[in-house]
Each structure stands twice: as C-alpha cells, then as structure tokens.
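Listed next: structures, encoded as structure tokens.
You will see chain A twice below: alongside chain B first, and alongside chain C after that.
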Partner chain A sequence: MRKRFRLRIHEALEQMYFLGVQSLPIVFISLGFVGLMMILELAFHMRLVLKHDALVPAFSAVLMVRELGPVITCLLLTSRIGAGIAAEIGTMKVTEQLDALKMLSIDPFDYLVVPRWVGSVFAAISLTVVAIAVSLWGGALLAIQKLGTSSGEYFNTVFFFVKFPDVIRCLLKAAVFGTLIPFIASYQGFRCGTGSAAVGEAATQAVVRSSLAIIVADFVLTYLFYAI
Partner chain B sequence: MGIGVNENEVLSAKDLSFTFSGASKSVIHHLSISLNRSEVFFLVGPSGMGKTTLLKVLAGILIPQSGEVFFQGAPLNQLSRRERRIVLQRVAMTFQRSGLFDSLSVLENLTFPLKELTHLSNQQCLDLARKALHQVEIFESESKFPYEISGGMQKRLGIARALVLQPEVILYDDPTAGLDPVTSRHIIDLIIQVQKEKNNATLIATSDLDLALQVSRKTSAKIGFLFEGQLLQVSTVSDLLNSNHPVIYQFTRGLSEGPLSAVDDL
Partner chain C sequence: MEYILNLTKTLGGMILLAEKWIKLTFQGKTRWGFVIDQIFQVGVKSLGMTLIAGMFVGAIMALQIDVQLKDFGAESFLGGLSTSTTLRNVGPVLIAFLLSGKVGAYTSAELGTMEVTEQLNAIRLLGADPVEYIILPRIWAVIISSFLLLIVGLMVTILGGVLFSQFIGVNALSYIQNIPRIVTGWSIVLSVVKSFVFGTLIAIVSCYKGYTARGGAVGVGTAVQSCAVTNLILIIFTDFFLSMISSLLQELFQVGYL
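Here is the complex of A and B:
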C-alpha cells in the first residue's frame, strides 16, 4: 500500500508538470494580450460614456480577477489538455490497456483520473494567478504608455477595487474549472467506442463539453458569489 | 477440463451470464467451465461468440450479471477487495490487442505490475523483469517502447508480463492474431515452452484451429467449442474434428455454407 501511494504521488507530480508547467507559454501569451486588449477597449468606452479614463485599470483588474482570469485560462487549459486526456484514455480503452490495469487489480479511476485531477486543479489555480499577474502587468505597461497613468496610480487603483474575497473566489472558480476538465475528459475517454474515429470523437466531445461546463459553472458561481 | 468441482480445479465458473450494458443479447449465456492445474485448454469458435468476454470475466476484468467465478474454490465476488486483489495476481492474461502500456518502456511494462502488486525492491523488480525478457527473448529491446517493436515482439512482451507475477493460470486471448505464420509458430512454441516449464493451467482462446491442433498434439490439450456464449462441446481434438454438430462441422472444415453464415457477431 505504501509503494502504491508513492507511485500515485509521482503520477500526480508528472501531471502537474505536464498540465501546469507546459501550459505556461500559451497562458502567458494569451492573457498578456487579453490584458492589453482590455485596457484599449475599456479606455475607448469610458472616454465615450464617462468622458474620462481614470477607472480603466480598476475595471480591467476587477473584470480580470472576477471573470476573465479563471475563465479564459481554464478554456485554454481545456483546449490543451481536455482532448489529450480523452484521447489518451480512449486509446487505452481501445488497445485494452484499461483491461490490463483491471487485470492487475488497479482501479483505472485511481490510476488515471485522480493524478490528472490533482494536476489539473494545480494547473488551473497556478496558471490563473500567473494569467492575472501577466494581464495586469501588460495592462499597466499600456496604461502608462497610452493613458498617461503612473505605475503607482495604476496599482493603487487596482488594489483599491480588487478585494481579498475577490481573489479567493477567483481561485475557487479556478479549482472548480480545474476539476471539471479532467472529469469530463476522462468520462469521454472511458465511454469511448472502438476504433480511431471514436477516439477522435471522444477528444472533440471532451473539449466541447468541458468548455460548455466551464461557462455554465462560471455563471452559477458568479451568481452564488455576487448576486445572492 | 470438465464441469464440476474437484481438488485439482484451479479456476472455474458456474452458470455465468454476461451482457454488455445497452445490449439486448447476452454474450455469455449460463456457461459453466473449470480448469485444472497444469491443464491446457483451448477455447475455439467463430469470431464474436464470446471468447474474449469469457476470458475477461474469468480474469476478473468484467463482472458477470449472474453466476460466479471461483479461484481454487473461493468465489471472487464474495471476496473483499484486498483478497480479490491477492487472488487475481495468480491469474494472468495476454490480450488480443496487446494491452501493453504504451507510455512505459518494454522493461517498465514488466516492472510496473511487480511494483504495484508486490513489496519487492526496485532491484528485485528489475531482476525479475529482465529474467522474463530473457525467457521470451526480447531482452535487447528493454529500453524501447511497445510501439517501437514488432507485433510478434509485442505478443512476447505480453507473455512476459503475464509470466512476471508467476501466475498459476494464464489466459491467452488470440495469441497469434495478426501474425505471419512463422511468427505465429514462434509464439506457439513459446506458449508450449512456458507451459511445460511453469506447469501453469493454460486457457487459450482462438479462432485459429491450426494453432489449437498444433498445440494440442504436443500437450494433450482439450478443446471447448464456444458458440453464442455457450460451450457446445468439450472434448479431445479428434472428437471435435469428428463432431457431427452442424456448427462444429462447418467450423472445423471451413465450409462457407452452413449455420455459421447466418450468425451475427455479438
């Protein structure tokens, strides 16, 4: 039993590296540009409606922490790992590797899903933190260049509007989304039919359903956190 | 091989029925079977008649809807998870589609079950794995991955993985499927060699009657003919070849006309 536990930890660490660390570049680049885009868009609309853009950093940061940070990060994570998990488990089913695990009295759920779940939650939370940091820094650079805001002004406004509970809720959202991805993708893999077409279909469905689940879960969580 | 309980019986099943979820027809239908120590038994029959499913039920991979599988008289379904795990270590199976873990190297495919199911040290696991690779003569490929070796070598690796836990029963699912005649012959020789060295109870499911004939001549094996989830006949090779049952008659003679042409795959 002791050996078995150690092996699962090793698997979980592998998944953390694969799902988290290897997803860094795509999250870094994507959320950096999202941060820049938000500053431009919010500045345009605020000047149009409010005739000034002093609150652009605050609105941008609040939107990023409450919604876009965890949602976009986890949608990117879904496209990167959801299909991979479903295809990997689906292929293992088609090639009787799942049967081989069962023959060895190893529960495929314990062996395949749990480490991916641990890795995915770790990846979702840590990548969301990185994503928000990157987008805020990107936004700060653009705000300083284009809006004439000083860095002190920018971060003071951000920290005034973004409260600690927002950050906790943001991380909770990331954890929930990080849970949905491997469970939905694994489910698609386990119920995969026979043949390569079935594996492809499982991978596609994993991405579609995980993405949909993230968007619905985001609405539910936002409603629970802020509307009740 | 026969139906019933005796002291030599190592693996048996009584009144087994198995239906895949969503299917209307059962794949295994009230089937009873028993395998004695050191016995070689062939399970032959047309494709899609439940051979693979029966092997997976006997190996504890699939749970039957009714009936019971017994290992040395102990009913698997009534054992605790831990007891079941210990018992099933003594039953090994090779798979039609290899079932090899493609994310693990050839050597790791053998050390993995040892590390999972035993308390041996890493070095002991490596030693046992290398010994099994030597036995099946693929030791030079230990660092390769399963997809980097030939189909014949994959079959050998599957056999090595089955052997590494020193099981009392080995279930082979279509061991020569997709292999050329020469490689098939090598695999057959390996199965015979393993059976003679280890004295395991051996159950081989195949649609290849030639394979069954070749092995049974060397090991005095018995043959069971599986059709629509039931054993139509359990006998010696010569009795099977002389059978007048229309399905067996058509199958053993490879005739295109007969009851088998109208049978749908399960």
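Here is the complex of A and C:
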C-alpha cells in the first residue's frame, strides 16, 4: 500500500516559483502605491482631527501591518493564482486529464492540490513581508517630501508603534488567507462542468468566493486577535 | 522586453476600445433594452455579495480604527474617522476588488466563451459589428451596475460600522453623531467619483480581455485571470492618482476642511 498524502517536493518547489516569485512584480508595484496613498489620506484625516501630522507615519504603518498589508496582498494573489488554479484544474477536467491521472493510480488531490497549497502559503507569507516593506518605504518617500518629517523620525515612530506581536499576527493572517485561496479555487476547478463556458464560470467563482472568504476571515481574525 | 511590449499592446487595445465605445455612444447606437437586460444579468446577481462585503469591510475598519485610536488615546473620533477612511479609500478599493471579481470576471468569461466558440465570428458573418451589438451594451451595463453597487456597498459599510461599534461597546448614537463632524461633502464627492471611475475601468478591462480571448477553454481561463489582475492593478493606480488630485485641489482651493 502506497503512503497517502505524501508531499511531492519537486511539484511543491515548482508551485512556489510559479505562485510566489511570478506574483512579485504585481505586489511590488501595487503595494508601493498603497503605501503612498495611505500617507496621503491619513495626512488629510489627521490634519482634520488632531490639527498636526506627527502621528501620520505611525498610524499608517500600524494600519498597514495589521490590516491592509495582508488583505490587499492576498486579494491580489487571489486574482492571480485563484483564477489560474481554477482554470488549470478545470481545463484538466474538461480535457479528461484528471481521469488519466486516476487511471495511473495517482490521487489528484495529492498531486494537484497539496503542492499548490504549499506554494500558496509560502507565496502569501513571503509576499506579505515584501508588501509591508515596500509600502513602508513608499510611505517614507511621501512623508519626507510632503509632511517634512526626517527619515530617522519616520522609522523611529514606525518601529515604536508597530509591536512584534503585530507582525506575528499579520503573518498568521497571511498564512490563513494563503490556505483559503488554493482550496476554494481547486474545489471550483474539480466541480467544473464541460466546455469552455464552464471553465470561465469556475475561474469567476474561484475569484469571487475566495475574495469574499478572505474578507470574512480577516474580520474573524481581527476580532480574535485584537478585540478579545 | 516582451513584458513591456505586451503591456503596451494591452493598454493600446483598451484605449482603442474606449474610443470606439465613446464614438458609438455619441452616434446613438446604444441599445438601451439590451443594457437593462444586462444590468439585470450582472448587477442584480451581485447585490447579495456586495451587501455582505460592505458589511464586513465597515465592521473591520471600525474595529481596527477603534483598537488603534485606543493606542493614541483619541477614541472620541472613532465614528467619523472610521467612516471617513472607509468612504474615501479603503471602501471603494476593497469593494471594487470584489466587483472586479464578480462583475468583471463574469463579463470577460462570457465574452471569452463567445469569442472562443466563434459566436462573435458568426455575428461578423451576418454583416453586423460585434462591438456594436455585444460589447457596447455590456460596457454600459457594467459601468452602471458597478457604480450603483459600489454606492450601495459604501452605504452598507456605514451601517456595518454602526452595528459593529454597538457590538464592541461603543454607543451607536455617539458613533453616528461623530460621523458628520469628520466626513465632509468633499469626501462624499470623492468617493462617488472614485466609484464611477472604478466602474468604467472594470467595464473596459473586462470587455477588452474577453473580446481578445483566444484558444479554447485554456484561453477563457487565461482571459479571466488576466482580467482580474489588470483590474486590480489599475484600480490601485487610479485610486492613488485620484487621492493625489483631490489633495492637490483641496490645498489649492482650501475646500473640504472643517
């Protein structure tokens, strides 16, 4: 009897490259702009509320690390890899490659889903780290230009207000989101019907359901981490 | 190098499609019956999802801003600050992300299937223009329905914030009373403008990606994927630029401050 659920190292590495490394440029560019935007918007709000903008870097960095960093990164990842996974598995179903795998006595779950799960969790965690770094640097750029804080002051307040548990919780969030994406997407792929219309439908449903799942999971996790 | 060429090709194609859309609309060739039909197809189906998403986005922001304001000792600003942050940028961006998945990916999958199964070629053979018959009503339908859905979603975020603040022990009445102190008319105008621009982006990108899908079931899958990715990146870009323009205008004319 063959051992069940063994991890295929080669496939997992391939998926890590495909899901993680190839999503890097998108995350890099987008989260840089999100960092700029947060400084801009919070500068407006802080000027309205507190009449000065000394706390803008701290507020935006905390919001970024706790909330928007993991969520926006994983929503970007969803649209890139969620639709991709569902379309790929759906196409395999339509062209009867899944049946061929079963004929070779290879479990499709073992062969297709587990490597994607490993790759996706890896991608979500590492891309979130990159995303937060990029957004903090982007924020520094705008804060120095627009608010007139010095770079030392900026990073000082950021590191004073962002605590280590925040970073751990942020990575936990990313890991949960990274788990949700491939499972929902490959579920949609496996139950895909026949024909090209069904593949499109599966990819659409994968994106919609995993984005919604990410938003709901984010709410639950934030509540568990910070309100209890 | 190939990446840059592809990017230029995509951007150019979308601009040409937008040009054709505007030209055909001014020539009065829009079939409003089809548009209303498509709004029912696309918009009404997405309403439930938008309501859920809006509720949760509002609740998340209320909770997060509450926790953060406690660190800075400024809890009295909770209602206004969380509503204003949600309305001005977080809400439109997150809800537009979800709509680009629902409305955009649905449209591009449908158009991609039509292209791949050569239904668009059949329309060309009948001597009609597929852009006029199929794409023009869809662009208008997606613009109108995403705009309306975004507005509804943003309203629901306020409701979600109020309900959740009651749940975590902030008085709902003081939360609501705090909202008009910080949310200005300018912020509401900005969020409406953002909603309209995001709706237009979703429409153009998804119709372009669906129209240019090639190569069977794989092509449809690729079209949906690249439609979702392009939408998200463009939404983030335009969100930043709209915020930038708004802050420049506010500084120039001194409006929007209390």
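Definition applied: the second predicted complex is superposed on the first by the 221 of 228 C-alpha atoms of A that agree within 3 Å, B and C clash if a C-alpha of one lies under 4 Å from a C-alpha of the other, contacts with A are read in each partner's own complex, and residues count from 1 in each chain.
Here, a residue touches a chain if its C-beta (ideal position, glycine included) is under 8 Å from a C-beta of that chain, and two chains touch if they have at least 3 such contacts.
It should be emphasised that the depicted structure is a prediction, and the values quoted were computed from it without experimental measurement.
Look at A:Val94: by the touch rule set out above, it reaches both chain B and chain C.
In the superposition on chain A, A:Arg47 makes contact with chain C only, while chain B stays out of contact range. Once the two complexes are overlaid on the shared chain, A:Arg66 sits against chain C while remaining clear of chain B.
In the overlay built on the shared chain, the residue A:Leu75 is in contact with chain C alone; chain B does not reach it. When the two structures are aligned on the shared chain, A:Gly200 is found in touch with chain C, with no touch to chain B. In the superposed model, A:Met103 makes contact with chain B only, not with chain C.
Greater residue coverage of chain A by touch, when chain B is weighed against chain C, goes to C.
Note: residues 91, 94-95 of chain A belong to the chain B contact set and to the chain C contact set alike, using the contact criterion stated above. Contact residues of chain C toward chain A in the complex are 49, 52-53, 56-57, 59-60, 63-64, 67-68, 71-72, 74, 77, 80-81, 84-85, 88-90, 93-94, 97-98, 100-102, 105-106, 108-110, 112-113, 116-117, 168, 182, 216-225, 228-229, 231-233, 236-237, 239-240, 243-244, 247, 250, 256-258. Of all the residues in chain A, the ones that touch chain B in their complex are 3-4, 7, 91, 94-97, 99-100, 102-106. On the side of chain A, the complex with chain C involves touching residues 26, 29-30, 33-34, 36-38, 40-45, 47-50, 55, 59, 62-63, 66-68, 71-72, 75-76, 78-80, 83-84, 86-88, 90-91, 94-95, 161, 195-197, 199-201, 203-204, 207-208, 211-212, 215-216, 218-219, 222-223, 226-227.
Only residues 56, 59-61, 84-85, 88-89, 91-93, 95-102, 112-113, 115-117, 119, 161 of chain B touch chain A when the two sit together in their complex.
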